[in-house]
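Order of writing sets the chain letters: A, B, C, D, E and F. Residues in each chain are counted from 1.
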Amino acid sequence: MEIDTGNTAWLLLSSALVLLMTPGLALFYGGLNRNKGMLNMMMMSFSSIGLISVLWALYGFTLAFGSNGSDGLNKFLGSFTQYWGSGTTWTSEIWGETGIPTYVFMAFQMMFAIITVALISGALSDRLKFGGWVLFAFGWFTLVYVPVAHWVWGGGWIGANLHALDFAGGTAVHINAGAAALGVALVLGKRIGWPRENMRPHNVPFVALGAGLLWFGWFGFNAGSELTVDSTTAVAFVNTQLATAAALCGWCIVEWLRDGKPTLVGASSGAVAGLVAITPACGFVAPLPAALIGIIAGAACALAVGLKYRLGYDDSLDVVGVHFVGGWVGSLAIGFFATTQVNSAITDGLGASEGLFYGGGATQLGRQFVGSISVTIYSFAIAAILALVLKALKVFRVSEEAEVGGIDIADHGETAYDFTPAGGSGGSAFAMAGLGAGKQVDADGKADVSQKVAG
Amino acid sequence: MKLVTAVIKPYQLDAVKEALHALGVTGLTVSEVQGYGRQKGHTEVYRGAEYTVEFLPKIKVEVVTDEIDVDKIVDAVVTSARTGKIGDGKVWVTAVEEVVRVRTGERGLDAL
Amino acid sequence: MEIDTGNTAWLLLSSALVLLMTPGLALFYGGLNRNKGMLNMMMMSFSSIGLISVLWALYGFTLAFGSNGSDGLNKFLGSFTQYWGSGTTWTSEIWGETGIPTYVFMAFQMMFAIITVALISGALSDRLKFGGWVLFAFGWFTLVYVPVAHWVWGGGWIGANLHALDFAGGTAVHINAGAAALGVALVLGKRIGWPRENMRPHNVPFVALGAGLLWFGWFGFNAGSELTVDSTTAVAFVNTQLATAAALCGWCIVEWLRDGKPTLVGASSGAVAGLVAITPACGFVAPLPAALIGIIAGAACALAVGLKYRLGYDDSLDVVGVHFVGGWVGSLAIGFFATTQVNSAITDGLGASEGLFYGGGATQLGRQFVGSISVTIYSFAIAAILALVLKALKVFRVSEEAEVGGIDIADHGETAYDFTPAGGSGGSAFAMAGLGAGKQVDADGKADVSQKVAG
Amino acid sequence: MEIDTGNTAWLLLSSALVLLMTPGLALFYGGLNRNKGMLNMMMMSFSSIGLISVLWALYGFTLAFGSNGSDGLNKFLGSFTQYWGSGTTWTSEIWGETGIPTYVFMAFQMMFAIITVALISGALSDRLKFGGWVLFAFGWFTLVYVPVAHWVWGGGWIGANLHALDFAGGTAVHINAGAAALGVALVLGKRIGWPRENMRPHNVPFVALGAGLLWFGWFGFNAGSELTVDSTTAVAFVNTQLATAAALCGWCIVEWLRDGKPTLVGASSGAVAGLVAITPACGFVAPLPAALIGIIAGAACALAVGLKYRLGYDDSLDVVGVHFVGGWVGSLAIGFFATTQVNSAITDGLGASEGLFYGGGATQLGRQFVGSISVTIYSFAIAAILALVLKALKVFRVSEEAEVGGIDIADHGETAYDFTPAGGSGGSAFAMAGLGAGKQVDADGKADVSQKVAG
Amino acid sequence: MKLVTAVIKPYQLDAVKEALHALGVTGLTVSEVQGYGRQKGHTEVYRGAEYTVEFLPKIKVEVVTDEIDVDKIVDAVVTSARTGKIGDGKVWVTAVEEVVRVRTGERGLDAL
Amino acid sequence: MKLVTAVIKPYQLDAVKEALHALGVTGLTVSEVQGYGRQKGHTEVYRGAEYTVEFLPKIKVEVVTDEIDVDKIVDAVVTSARTGKIGDGKVWVTAVEEVVRVRTGERGLDAL
């Protein structure tokens, strides 16, 4: 089949948009976090980009989207060989009927794997050893993300047999990451001082900018999931915008009624909640229902983020309250609002049914529930087990002293900001003082510290 | 010599500086501080978690001066910093035994 | 008609680019503003995204771009029913001859409505009650933006009868928003201390980053306004880049000559001025004239921002000096430089004439003037009236105490930054202290403040 | 030939992406720099956008990509007339067989010229007079960038005769800018206090965000360089992602082994190093070799940034260590890994050979070396000469006092941040105090300072 | 009157404030400072260039008080600020000759 | 005991710290302040609105010390902080009645 330049340009750019979401997430999470853990927070996202990209190309894509001969095995896992190591044998292969090179589809899906892993980090701020994070990311990606992606989108049992719908990742991405975040957070325990001390966002403009970049990139995430450019892509795009806008309003309304003041943190969080909730449904529902889903998700998540205080687990940046809850809202919403008016593939290609409000009865609602609950349990369990293993291996929680002093310094040897007055000696009057007058720099560019101690 | 220390509302700094300038005070040192006192703090809310900030931003002004000017200076600061609302702050005076101007090494009043 | 995947991919991505402009604007305005109003400034933009998106889908689009039977009425307003509530009856409709789904065109135009409303907020910083802003946004969008968009682009009198040209929104967006900003600012009055106290930008890097994001998104705004991908799209893209670059230089040159120092705030402002000025003209003029328009706009706006000091109105972040003035420069420039050499539609489809310098005489210049002045008067008047109504309703200006203490705390209960040293107890040593040792957290996640007072 | 809407949409958006890279670079460099030079650092990038855009449209494009009759002269320079001043005679011309308007290709290449000049600024922070920078940018662009772009891509001797390969700018952009940076830095000398005082990054989150924006935009830079949308575009996209991710890991691994701690500055720098290294090779090598090139580049640059301490030149933000070294790694890598398996044009259209590991022998390696070394020498020499001229003209280095006090204040009359507490009088309690109570504002908006002095 | 100045670890501020509050101290002024002393600083690394930061973040607490309360206050601060680790900080006392409440102009004890 | 307070140019902090270190001073506390004095401020311009910043960034250094070392310390600070240009700053000395080391409760000289 010929390459369709329009479709391919669309998916190439959608892939770039989804890649941008992870730095956006790093900013969103980092801004919500305390100053002393800012860099570690961002580092968890950036390390996901580095690590997961390579793993995806090596074995993730073939296991998730390749297909092995056996129907039985295919329910659970893709092929070990077909796309192994992103070889060159399939350089010019086109993905299905899309007119898009398989390479591009591989890259698009790579970005999904990256951000799903990064999403989990929001629950673990300020206290998880960076080495532990890297090991966890590797393990969870391999044991959870890859198979779940196959189950939902790669011809596995949830999509192909159960016929549960997930347009862009409500189950495979958000419920999946949210459940894992809860599993790890429970094993990891609370930050010192939580919840007695208020750990307010250290940089709210970054939170809003991060939300803005996420929103922008999410068009690629949602509308891009149609792969080709057609009328469903258009609907998915419109729904993404409407649900997100409505959720922004929903969250702010709850704040206005409850606290008397809508906040920018709330508006940003509401937008993310809406993006999450519409993700699984964006290609299956009509615009107004999408707005309805958004406003419900915004309000629901605004209330859900309070749960951790009641139940006493420290989900630092509300991965559960926003992504897990929002993902569920969206996944179930399909059971109510899915309609062939916007996407005939629901009943044709995908073998699913329309939603309860469109004469499809409760069938689809049931399927959505089974699909989502299965991923919830699987991801939660494996994540918790991985956490316990890391704990046993002592590469899990940082020392109390490191946590109080700040994980940025302890695990990365950096601090986020140095606003020493311009009149100062630059870098930092204090840092400079720290260096000492007689400071030497030896061959490989290291400041000679011993000498300082001596001097 | 004396050191006059004033903790005032940030917004009043301009008035205080002008008042001291008018008195012929040639120099002063200010810094950002946080004050706790009778004045109530405000409430902030993040994702539904609400709390009071009891420490409020204030500006600390320090002036080293000649004994004889102390009262004038204290009065000038008090009047110029006053808004009449709780939280206007405090001014206190301590004794200074010696002052040196770094540039010249001059001591005592010459250093000011 | 078939969907053209290239055109549709282009307009989908252009829509995403224009959406990104509003968070970019929030950063640009927020950085120019004082620290204590940063969040309120950004919140005015974010709330526009939330509110206007939904209103546009409900009734904005159909009133602006739908067409009712009657030619007479159509001069002033579109259809009440045709696209009402973004129904599903037109899911697969293609917009005109573009090969692009109407849904995508609706989304593209939605982004324009959002940012036009947000633009106004720049004049109102630090003193407008947030509730008042939301009401104003709703009212001005409904009474001004929607009809004006119809007049200019939706088949209304300015475009279809007067044949005034506005490629991407010089009249409908910038003059419109600038005039409204002036109207509200005059009723709102000056910030306490203005102009005696200098209210310098609190975060210049944000200003520059915001300008960068605006520039990036503006390619979708301007070149995207051709809807399809053709040679006019290419010219519009090139012109946008050249005019903006030239305006950046123009503003800096004025600063260099007048103040002896070009500034980054100036470069960023100049870029925005250039983007504004080329907006109406980008699809109608040749590259070098575009650069000329840019340099003129940059210099003109650099001088215009001083006007408020002379005339004594507090247009806080220079919406008038940049958007209103820049919009006028661009709108009139069409009357001089419009040429069929780059866009034959000027005389064919659009029934307009070439510019003065291209043998078209003064006709088009006259039309441009009439179109722009009409929108100026209408928008200014309605905006001022709305402001007076809000003032009467006491949802307008914040208390003096709130203004001095900062509107972020007063209306949003947030502060933008907390850079407490990493060695500190995190969130904020001060905030923490505020919480008190015995702080309880009750069921719905609220810190129990009463107890604090008691203790 | 007809316009291909897919290809054109792709190149339009790629151009926008590459434009975004320069503000991203400004943030990346600015964050790495000390607070007191933040704005000057960003200003060097923004001024490049303003200045180079216009120069490119005037004479850069025609000299680099136009073709004059004579084969001999064409080896060295393009046409003086063909595309002069971006006239309108070629408004509807299509570039070669691409189905893309020449205007769009011109805009795409414009963005390359802009960022190449901006890249140099990283070595010159905190001490180069802004006026000197503008003159240097003008001179180097004219004497070096334009001809080199012609040699490599415009039908000049490196590409067309030597047959050295450079897919997206390893030689024309990174080696070119890196060599120039070294040349100027040597003439400019060290920052006061370097290396005794540590001049640490003042805003690490900006560094990471800048790297994120660069990464995002680089997809347009690399994959866009294929111009059309085909299977090579897909490979270039995938390779860009893999090499960058691997380089991020590579740099962090070096830090982890050497310093015991991976840093976010390292991860961001590694990503940039990977982007640089894969730039020339992305369209010629297979995915796994791309990852290999990335990890090598990441590690190599992580070590190379230490060189300046050993050799004693102050390449402030490591333009040499990252762009020059990375560019060389990538350029030579082509000699090893280039393969027709991913791009048949290597041997067909481009008349080059496959790499050493693909049976092409050492031929291509030799060509790559000759091409890169030539540009290295030429760019270094001219840059150094330009620097000496500026020095002679006394528009080069700022006064010692200005440097200690901060170039932002000295050359731009701005400071980057003002975080005065929200409770303060806004703009800045200190700034306000500076203004004085009786401050007047005269006609053209200037605060009357004299009066202050008087009062 | 006396001025009690304490330089403490930031994390201890909450405890100190509570302790003083318990003693009936109605006001205090705090500021961010950097301390150099026996306590070792930490090491930071940027692009391979490593250096020690010898100045550590501390919080300075200032309380103006009546002579007779001084010892109580000093003891309260010392106990509440103590973690037992190097770097806990210092508390020192200086004489204050006069205090004025800006809002009312009250002097001496009434100003507190 | 005495408290030596110095307000210096930020760039001189390193030299001052080294000088005190050489004298065997084991600890000190520094903070960022803004100074107003003979030294002229600079001008900033935003969108054509120009104004002078009269307050300049300075660093305040505080050292509590034994009487007998005071003069040595003052001299050391003055010499190491001097650039000879206007704005080098001031050093002043005040009496300290008591010092306590939080960690151990030691008082007087032992606390230093």
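As a convention for this text, a residue touches a chain if its C-beta (ideal position, glycine included) is under 8 Å from a C-beta of that chain, and two chains touch if they have at least 3 such contacts.
No experiment lies behind these values; they were computed from the predicted model shown.
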Looking at the contacts, which chains touch chain C and chain E alike? A, B, D, F
Selected pair, greater C-beta contact count between A-E and D-E: A-E
Rotating chain E onto its identical copy chain F by a Cα superposition takes an angle, to the nearest 5 degrees, of 120
Would you indicate which option in D-E, A-E or C-F repeats the interface seen between B-C, with over half of the contact pairs matching by residue number? A-E
Averaging only over C-alpha atoms, locate the centres of chain D and chain F and give their separation in whole Å. 43
Based only on mean CA positions, could you tell me how far chain B sits from chain F in angstrom? 18
With centres defined as the mean C-alpha position, give me the chain B-chain D separation in Å. 49
Using the touch definition from the top, which residues of chain F touch two or more other chains? 11, 14, 17, 30-32, 34, 36, 44-51, 54-55, 58, 94-95
Spell out, as numbers or ranges, the residues of chain D touching 2 or more other chains. 4-7, 9, 13, 195, 197-198, 200-201, 203, 258-259, 261, 263, 265, 303, 305-306, 309, 404-405, 409, 413-417, 419-425, 430-435, 437, 439, 441, 444-447
Chain F partner, complex, touching residues on chain B are 1, 3, 17, 26-31, 64, 94-103, 105, 111-112
Flag every residue of chain C that touches chain B in the complex, lowest number first. 197, 404-405, 409, 413-415, 430-431, 433-435, 439, 441, 444-447, 449, 452
What residues of chain A sit close enough to touch chain D in their complex? 3-9, 12-13, 15-16, 19-20, 22-24, 26-27, 30, 38-39, 42-43, 46-47, 49-54, 57, 85-88, 91-92, 101, 103-104, 106-107, 110, 130, 203, 206, 411-428, 431-432, 434-435, 437, 439, 441-447
Show me the residue ranges of chain F that touch chain D in the complex, using the header's touch definition. 11, 14, 34, 36, 41-55
In the complex formed with chain D, which residues of chain C make contact? 4-7, 9-10, 13, 17, 34-37, 126, 191, 193, 195-205, 208-209, 211-213, 215-216, 219-220, 223, 228-231, 233-235, 237-238, 241-242, 244-246, 248-249, 252, 258-265, 267-268, 270-271, 286-288, 291, 303, 305-310, 339, 341-342, 404-406, 408-409, 415-417, 419
